[in-house]
Amino acid sequence: MNQLNTWQQWMEYGNISIPVILLKHYSSLGINEEECMLLLHIHSFVEKGQAFPTPDELAERMTLSSPECFFTIQGLLKKGVLEISESSAGDVREESYSLMPLWNSLINKLEKENQREKIETTMK
Amino acid sequence: MNQLNTWQQWMEYGNISIPVILLKHYSSLGINEEECMLLLHIHSFVEKGQAFPTPDELAERMTLSSPECFFTIQGLLKKGVLEISESSAGDVREESYSLMPLWNSLINKLEKENQREKIETTMK
Amino acid sequence: MNQLNTWQQWMEYGNISIPVILLKHYSSLGINEEECMLLLHIHSFVEKGQAFPTPDELAERMTLSSPECFFTIQGLLKKGVLEISESSAGDVREESYSLMPLWNSLINKLEKENQREKIETTMK
Amino acid sequence: MNQLNTWQQWMEYGNISIPVILLKHYSSLGINEEECMLLLHIHSFVEKGQAFPTPDELAERMTLSSPECFFTIQGLLKKGVLEISESSAGDVREESYSLMPLWNSLINKLEKENQREKIETTMK
């Protein structure tokens, strides 16, 4: 009975999908494992409708402290794989994270590899 | 045109699903970000039909070296969140990773939390 | 350039995860393809934060008309694989779909199969 | 205890990811619910490493008979949203389904919509 309730909780939290390309290429974008996990946490929050998780909320799920989360986020913003968008509805200004720069970096990475391979094939 | 080819590659690699519960609770299981990423890599290999990726194959996708991957795997086996299963077909012995101990640890974690909450509710 | 914008849209819509068990066993729960697609549409809306899509919104994505969506939903509620939950915040009453009965039906289905197999093994 | 085994089975079958864009636009590609479910079944088989499921294997998971599956597949091949690829290793010729034409049709659909919107915006 209890078992079932626990399992229901599991189902309610659900799953998130992550592109295999991210797993394959994050390290070649200069992203390490801690940074990649932080990006996955942000992805997960955003997908579940919470577009701007705080460093505190992120730290609660990680082995990093809240200030460490803050600094890691700053690093990801500087590396250009994370973006903060602002929107305003009336007087309320809302911020949200976007992972679009990450997906763009990955597709550019793939694109360059394909071109290099094409050139190498032509030169043979 | 090139763009399309790159995008096709993206689609062919596909996505993997990960339970949100893993993201929420890995740190409370004593797993850090590097270890969690390694588990996600193994999950991704297994899901795509490669049940026993080598430390070399894992290291290629990570910022860790091959020996570091090996030691991290040893640690995860000791922590009881990763398992190696053996099967044999004729003379061929095959090994494969199983993440079942990880899913079990997570569901037990949830179960305990639910029981604690129930007790706390009763005692009020 | 345009290509990129289209691709960004694709990424923004994202993916939803569906349990393979659902694909494997919906028909043995007396659910047909139209009904299963309707459940997937509801799952998708709920996952993306819209917990109570209207028949109109569902019909827009399907080959069914709005009244046909309505009747199919009624059928799924009667079959006990879909549920409407009500919650109220102040004066506002909110309804939302829950697929928990579907997940429960599937796990019960699996459970029964396992028990039957066990009995059959014992009797040999 | 039994419960746990059933849950383990659930986890072992795992999840598949499907693009929300597919759910949003299949009907505008002239695909109905039965056809879409068939495509999802093929996607699921392919993702789990079985690249060429037979009509029998598909019928086992559907309310359609094996011949109905066969004819629906023929229809999808004609509509150009499904493709059969052939590869040969030595004397062995292997066939596999590819959903790439489906993903391409969807991205083209999006592309056209974006262009139309752009033209409409310019004309205002």
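By written order: A, B, C and D. Residues from 1 in each chain.
One rule holds in what follows: a contact is a pair of C-beta atoms (placed from the backbone, for glycine too) under 8 Å apart; a residue touches a chain by one contact, two chains touch by 3 or more.
Fair warning: this is a prediction, and the values are worked out from it, not measured in the lab.
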Message: Counting C-beta pairs in contact, which chain pair has more, C-D or B-C?
response: C-D
Message: Using Cα averages as centroids, what's the distance between subunit B and subunit C in whole Å?
response: 27
Message: Could you work out how far the Cα centre of subunit C sits from that of subunit D, in whole Å?
response: 18
Field: Overlap residues in subunit C, where contacts from two or more other chains coincide
entry: 3-4, 7, 14-17, 48, 107
- prompt: Chain contact graph: line, ring, star, complete or other?
  reply: complete
Task: Using the touch definition up top, name the residues of subunit C that touch subunit B in the complex.
output: 3-4, 7, 15, 17
- prompt: Which residues, counting only subunit A, touch subunit C once they are in their complex?
  reply: 4, 7-8, 11-12, 14-17, 47-49, 100, 103-104, 107
Message: Help me check something: in the complex, which residues belonging to subunit D touch subunit C?
response: 2-3, 5-7, 9-10, 13-21, 23-24, 27, 32-34, 36-38, 40-41, 44, 48, 61-64, 106-107, 110-111, 114-115
